[in-house]
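In what follows, structures are represented as structure tokens.
Okay, so chain A shows up in both of these, paired with chain B first and chain C after.
Our next item is the complex of A and B:
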């Protein structure tokens, strides 16, 4: 199964400090998120499986605890929030 | 409505109607130095009415009305007419405003820059704003700061200052020559008395100001200060806004721009002198 972020034109992402505020235009809901959510959304500009995503994040960032089960949980949360879809 | 008064407060105009003469007479007197709206169409209509016709005379009780109502609002004694009018005006603005992002904050201005103070009821934001207005600051409002998404500037809403409990005595001592409304005892927020803003606040109420500092005061704690990072400030100010959701993306842009460009500081203070000293020191350090 592959995941993809909603089109970037559907979101406003405002980095604040360690937190970012994301405005989801379709729902009008504001999400306050911590790292690595903005990084996940950027990586999912193109569809990726959980394993592909994990490999990408490990290559791009320092990921000390690479765990595909935990990543799948984060993706399920983002899917529930409407920020990520199944491709 | 048998009795009506119309007035302008900052960018908002109100038409206040009542079944009774007394609350309107009190409101008209306390707001006598405020201009009338420029045209006949007011932004907000406020109604103070008797829930049943006989309640105009028999144990008269004021029910609040207007375009927006709260279903659980309890009727108030007629003697609390000014409080009823103030609450009804706040309610219409809080729920109906769409031009500006409303922040539940007091605001004062100096040299064209605004200081916002936000906090829970009892944090001291009204008292601090009223005291600063006696020390060279312009009072912009004790209840709402109106943030313009188009410009990032704050517009004044200098309604009557709502003083509660010990603040009543503090302000009577600080500005003995000021005009006050009737002392209302035993309200849900304790003893309450309204203070008429000074002439400068009223004369310059159409002048917006660029926000320069957001304070998060808490009264009754030992002196302490800490920076409020933008993320925390954003969360606290969305909670302090009555119409953030209604403004949609404009509200998001306005608030993220505010917390990214304007520093936020939480201050705990044991007494008003300590708070006033902290405000002046923090302002000078900007």
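Our next item is the complex of A and C:
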């Protein structure tokens, strides 16, 4: 199972201090998100499995809680919000 | 994802990224009023493509192209039910289509914008669960 973020042209992302507002043009919904959501969307500009994504994030960042179960839950949440889809 | 947020090249200090605990949530969604007013997800329909652009073919990425474009699919014979689209958006297949055609149609639906036929139905399908 691979996941990919919706096309970045469909999103307008505005940093709000520690949070970010993501306006999804297609659905008209605004999502207020905390880290690691913007980082996950950036990493999912190309399709990746949960394991590939975790490896990519671990290479880019210090990930003290590199837990694939937690990452899978973040992805499910993003999928439910319509920001990530299965590739 | 934004254009001006780049990581310095050759940076030696890496930023910490917390994935968060299972059960925690990192997203709060603000729904537009139009979506709350939308009809039932089960009964609303999405034509592929919009009748205003009838006759166009649908490319694999969901863009509309001229009829006969190689690799593109002809329009769907009928509008899809919201329930079928909801299933397709989460990895299922649209009825009466094969895998590639379903993906092209689903990509088209994901690109719908306000003012296009089916947008309100699509927006209501995007409502976060619960």
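Criterion: the second predicted complex is superposed on the first by the 87 of 87 C-alpha atoms of A that agree within 3 Å, B and C clash if a C-alpha of one lies under 4 Å from a C-alpha of the other, contacts with A are read in each partner's own complex, and residues count from 1 in each chain.
Note that in this section contacts are C-beta pairs under 8 Å (C-beta built on N, C-alpha and C of every residue); 3 or more make two chains touch, one makes a residue touch a chain.
For clarity, every value in this text was computed on a predicted model and none was experimentally measured.
*Asks:* Between chain B and chain C, whom does A:37 touch in the aligned arrangement: first, second, both, or neither?
*Replies:* After superposing on A, A:37 lies in contact with chain C but is clear of chain B.
*Asks:* For A:86, is the partner it touches chain B (first), chain C (second), both, or none of the two (neither)?
*Replies:* The second partner, chain C, only.
*Asks:* Counting residues of chain A touched by each partner, does chain B or chain C come out ahead?
*Replies:* C
*Asks:* By the touch definition at the top of the document, which applies to A:16: first (chain B), second (chain C), both, or neither?
*Replies:* In the superposed model, A:16 contacts chain B only, not chain C.
*Asks:* Per the contact definition in the header, classify A:28: touching chain B only (first), chain C only (second), both, or neither.
*Replies:* So A:28 meets both chain B and chain C here.
*Asks:* Can you pull the chain A residues that chain B and chain C both touch?
*Replies:* 25, 28, 30, 32
*Asks:* Spell out the part of chain C that touches chain A in their complex, as residue ranges.
*Replies:* Spelled out, the residues of chain C in touch with chain A are 1-2, 5, 7, 14-23, 25-32, 34-35, 89-91, 110-114, 122-123, 126-129.
*Asks:* For chain A, which residues are in contact with chain B within the complex?
*Replies:* Interface residues on the chain A side: 12, 14, 16-21, 23, 25, 28, 30, 32.
*Asks:* Which residues of chain A touch chain C in their complex?
*Replies:* Counting only chain A, the residues touching chain C are 5-8, 10-11, 13, 15, 24-39, 41-42, 45, 57, 60-67, 69-71, 73-74, 77-82, 85-86.
*Asks:* Okay, in this complex, where on chain B does chain A touch?
*Replies:* Answer in residue numbers: 229-231, 234-235, 238, 244-245, 248-249, 252-253, 256, 259-260.
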